[in-house]
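In what comes next, chain A is part of two complexes: it sits with chain B in the first one and with chain C in the second one.
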Partner chain A sequence: MSEAAVLGSSQTATSGPGQKSPVRTPAPQSGFAPWKDPSREPIVRFQNVVKRFGDFVAVKDCTLDIYEREFFALLGPSGCGKTTLLRMLAGFEKPTSGRIIVGGQDITDLAPYERPVNMMFQSYALFPHMTVEQNIGYGLKQDAMAKPLIEKRVEEAMTMLELNRFAKRKPHQLSGGQQQRVALARAIAKKPRIVLLDEPLGALDKRLRQQAQFELMRIQETTGTTFIIVTHDQEEAMTVSSRIAVMDHGEFRQVATPGDIYEAPNSRYVANFIGDVNLFEGKVVKVDGNFAEIDWGPGLARFKSLAPEGCTGDQQVWLTLRPEKIRIAFEKPSDASNAVPGKVVDVGYLGSISHYHVELGNGQRVKALRANSARTVERPISWEDNVWLEWPPETGIVVTR
Partner chain B sequence: MRRWLLISVPYLWLVVFFLVPFFIVFKISLSDIATAIPPYTPTFDITDIRGFLSQLDFENYAFIFSDSLYVNAYFSAIKIAAISTLLTLLVAYPIAYGMARAPKEWQPTLVMLVILPFWTSFLIRVYAWIGILKKEGLLNLFLMNLGVISEPLTIMNTTTAVYIGIVYSYLPFMILPLYASLEKINPSLLEAAADLGSPPWKSFWQVTFPLSLPGVIAGCFLVFIPATGEFVIPDLLGGSETLMIGKTLWGEFFSNRDWPVSSAVAVVLLLVLVVPIVLFQRNQEKQREAA
Partner chain C sequence: MRRFSWFNATSIALGFAFLYIPILLLVIYSFNESKLVTVWGGWSTKWYGSLLENEGILNAAWVTLRVAIVSSTLATILGTLAAVVLVRMGRFRGRTLFSGLIFAPLVMPEVITGLSMLLLFVALNMDRGFWTVVIAHATFSMCFAAVVVQARLYDFDKSVEEAAMDLGATPVKTFMEVTLPIIAPSVISAWLLSFTLSLDDLVIASFATGPGATTLPMKIYSQVRLGVTPEINAISTIMIGLVTIGVLVASYSTKRASQRQERELKAVDAGAK
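Right after this comes the complex of A and B.
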């Protein structure tokens, strides 16, 4: 399948649910969506970019537009080609074929030091023989900028990241979190049009990482720069980015907003990669307007769900259902479109929420999630309980691959 | 107890093989020349320590410093050692740089090749240079056959030959510490420098070279210190014009059989070299702290 087709289908997935039910939107929206505006010129364009290392194809024919002021995430497991894509944009790798265009200028053949992008490295790559100040000012010095101006810009960057106290220290005298901030300050000090972040928070512990994520967003917003982040952490990608490209084996599987990726995945792969999901394999037996009836096994009640685009009868499909969308109850709901009985085999109590693993009649296990909104309940759902799972037809997404 | 034993081994070694010989040499330097075996007086006499000590004096030291031959030989040795150290650095740096940048699987082989010359005796290797540098030697034959020169070059028995000999002999001592410090440099630092707008030659001077400084310093000391006292190379390759303290010392011992004066020369040489040795130690210490 060509990359253009993947992108095409992802875009229909993006706009799909929105068009069908205009009143309902799946996730928080900022109103910032330059990719929907055909008059906007993208700041970065990957055009049919391919990268091979010997026999290994790291990036397969990728075409992608990224717009000014976006916080764009390249998300995927290790070895999916996301870092190679970023390194090609920085100029450390040359595409085997294809072009890379930044701000209308073809930069494919430019050396790294001639490109209007700055990168924050996974290992931070701070110069060990220079102080924090000198590290941050390094890029400005290369531009032969006047000394007072360099000092002013370094001061600005240090203030933005609260590094002023450490100005005279060497990198090895700083904690991991402080080093990470120096690396970020150095990447933004030149005020580049695009900042590239290669797993920027990978070395931090979880609590620091969450703090740093919000700091990244704050800085991206205040500087108005385009940020492109590479990460394997789906939560991180969901938190910080305006759009996510989910990658696998050098290909984009879906390019969409975090909300759309989560609520309208275009494939089993994407649904599985982002968050928890229950998958039901079945066949479409009837399409009725927006809804399809899915037969998922002999003798089992058919599911009713939103029909995928261009869905025909007798097509193999998978219903993807997020655990938190499933209601769990002792009694069979009277007016539910989709309800299946099962037995609780596992309960995970996390305080704010509880996880339930329910085994259905055919042996399939389903995860359901419930918020513990009341402090006490009359009779909590427990192991070995017979329960009913129920969900409305529009909560599940049917995918064909 | 075991700790103490462990530490005592190197100390014992130093006492037996460095301090004791040093004191013997120091004692001889305070004696007078004599036509005897051994060729100096007084010899150590346990029964008359007072009489023995009263015969020792610093006469030989006064003599060394009053005779410009010795002072010039010291300065000339330091000058030759310093220039050859610089030349060695210039030759070794690109080699070490190339090694550090070579594919990882090649590097052990390259290190092996650098130390391979040690498998042949140092003396024989210096002799081999005579065959290369002499008038009808390989180098002159080669250049004349190429038509680069019509007359054979006079390199043998000049200070130039000494420089060539020292650079050749001590090259591994420069390459290895340089390679060790260059190889440690994280390649992403150079990517970061390039990313921030620095072309490769600028990155070299701003990032690579400063970070290789510990290796540069270590290598320079490792070459400079032994080169200062070098006597085989100036003796075999140098001419009469080449004045080096090692050669003077050797002549004093074996041609003049003046053990007391040559011992004094050796002690002063040691004192001269204490300064760079202490500086070298300090550099090593600093590196260890940084690591």
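Right after this comes the complex of A and C.
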């Protein structure tokens, strides 16, 4: 597709002079963490925001700080209130109660056209009667900016998104991927303090979506703007964002970096929502320093795992264990803290990795993952094989809800 | 294709004959040489010529044209505003009542509309004439305009308007620069529809008019009572032509607009896939 070619060539365009580095480091490792610094003022603050539509509570008492230059993701299933939250920030919905503060200014009662935010719509919402150029320049025109300056800024935005050769086209003469880029260019052309993205890549196919995700990250980094994205795609949220707020039924379940959300989920809901997970229900019977012993059934060897914070013992808990953290072997490991026997019931070979579904003695099924690092194995694990599953005590996370 | 059936063919022929033979006869007789309407005396266009010398009819035609242009413009503005309120303002209190009130005149007998207009003008002590006819016409054709514009507004992505406001345009600016250009084809068809409705209205105009503001349909009707002259046939033929053109242009522009929109939607879908 021409799309792919255009997006592919964008890599060379960005690594020109003035660019920090052609190699991107993902946000979690970059040391960028303004939310940990109590002296930093947030750029966006939701203060006890509630939104009701008649009897339906779309957003329940949400309080959230978002910092400058963050790429913040609101993630959740449809109807969880994430879009409502975004639309309240843009000014299309008014909170039933609570305040919204942007850059120290209370904007709760401001009209959409008075707010320092711009939005990219799910449907793109391009003006069908205007050319690409006019679409991108529309916001600048509203600011009564001088014409040459508008032209310069439109040119900049078009260059950034490789749209120059489509300048004179109307939206219906563009492909979906091109329309998506016009919508993004229009949202950043005014250089707003915050760019809101409502499921911006939902209409693209998978390949195009992955390229567009990197494009979004590049734009966010080069413009240094705060981006807030609404998505139901957990991979997308993990890829692009510095922090994720996992939402459910109008509430935040966890607000953390993608790494923490994945490696330290605070509940079964979050663990299940992001990636694959094995859940073992049990009871904490003994707490010994940092570690807890979990009884998960009569006659079964107790698990040893990191104790949840404030755990007193005799508490119902769930051990969440990611499939790739489990080692699978024929022999019982000699010095393992956690080892359970089982029988392989399903194998999925994906080339780079293999999935194993293992049935334990009590009938529970456990997913385990193994990277196929060697080309050939003497005796591959197969159906009906009796195997041992083993994991160190610090790999599982124990949650209490 | 379905198989040819004599029953269907006959039905269609009868139906169309019922509708169009009277009109066809009228058009043919407007080219009659003879002064007697019922006797064919060969082809001629002399009645069209003599029309130009008939000041009464020309005056009436001029009044009708002015009334139609002014009233349809008024009706289009009012109807568009009503449609925008009904579609865009969401569920406000009394919305159902309001939309019912807008569309009731569509099914109201013209005699009642006309009579109520007359009573209003008398009560307000207005001199009946050109402007009372304009007001009366604008009132009843506004409902048609509202229906036409409303249909277009319903399948219009609301987020396009939100995008304009998000980019800093006030609601008025959003309407003028984004909404209006997008619904323009339906506004034009609303105007043309109002125009043709005003052009051939007899009943309401008769109630609302006064001395000096006789419209063409009224003139024709009063002349017919004294006996049909071939001149009446000629002017009627011209009116049929005008109305036909108006309706055709209106439906063509609506159809083209909806086709274009469909094409745009298809392009978006294809791009998305």
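The criterion applied here is as follows: the second predicted complex is superposed on the first by the 373 of 401 C-alpha atoms of A that agree within 3 Å, B and C clash if a C-alpha of one lies under 4 Å from a C-alpha of the other, contacts with A are read in each partner's own complex, and residues count from 1 in each chain.
In this text, contacts are C-beta pairs under 8 Å (C-beta built on N, C-alpha and C of every residue); 3 or more make two chains touch, one makes a residue touch a chain.
These numbers were taken from a predicted model, which means no experiment stands behind them.
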Open item on the list: In the superposed model built on chain A, check whether chain B and chain C fit or clash.
Closed with: clash
TODO: Pick one for A:Pro380: touches chain B only (first), chain C only (second), both, or neither.
DONE: neither
- [ ] Check the residue A:Ala203 against both partner chains and state whether it touches chain B (first), chain C (second), both, or neither.
- [x] second
Open item on the list: With both complexes superposed on chain A, which partner does A:Ala125 reach: first (chain B), second (chain C), both or neither?
Closed with: both
TODO: Have a look and say if chain B or chain C is in touch with more residues of chain A.
DONE: C
Open item on the list: With both complexes overlaid on chain A, does A:Pro341 touch chain B (first), chain C (second), both or neither?
Closed with: neither
- [ ] Tell me which partner A:Arg186 touches in the superposition: chain B (first), chain C (second), both or neither.
- [x] both
Open item on the list: Does any part of chain A touch chain B in one structure and chain C in the other, and if so which residues?
Closed with: 90-92, 111-113, 117-119, 121, 123, 125-129, 138-139, 142-143, 172, 186, 190
Open item on the list: If we count contacts the way the header does, which residues on chain C are in touch with chain A in the complex?
Closed with: 157, 159-160, 162-170, 173, 178, 181-182, 260, 263-264, 267-273
Task: chain A partner contacts - residues on chain B that touch it in the complex - done: 186, 188-189, 191-199, 202, 206-207, 210-211, 290
Task: Parts of chain A lying in touch with chain B, wherever the complex brings them together - done: 90-92, 111-113, 115, 117-119, 121, 123, 125-129, 138-139, 142-143, 172, 186, 190
- [ ] Quick one: which bits of chain A touch chain C in the complex? Just the residue numbers, please.
- [x] 90-92, 111-113, 117-119, 121-129, 138-139, 142-143, 171-179, 186, 190, 203-205
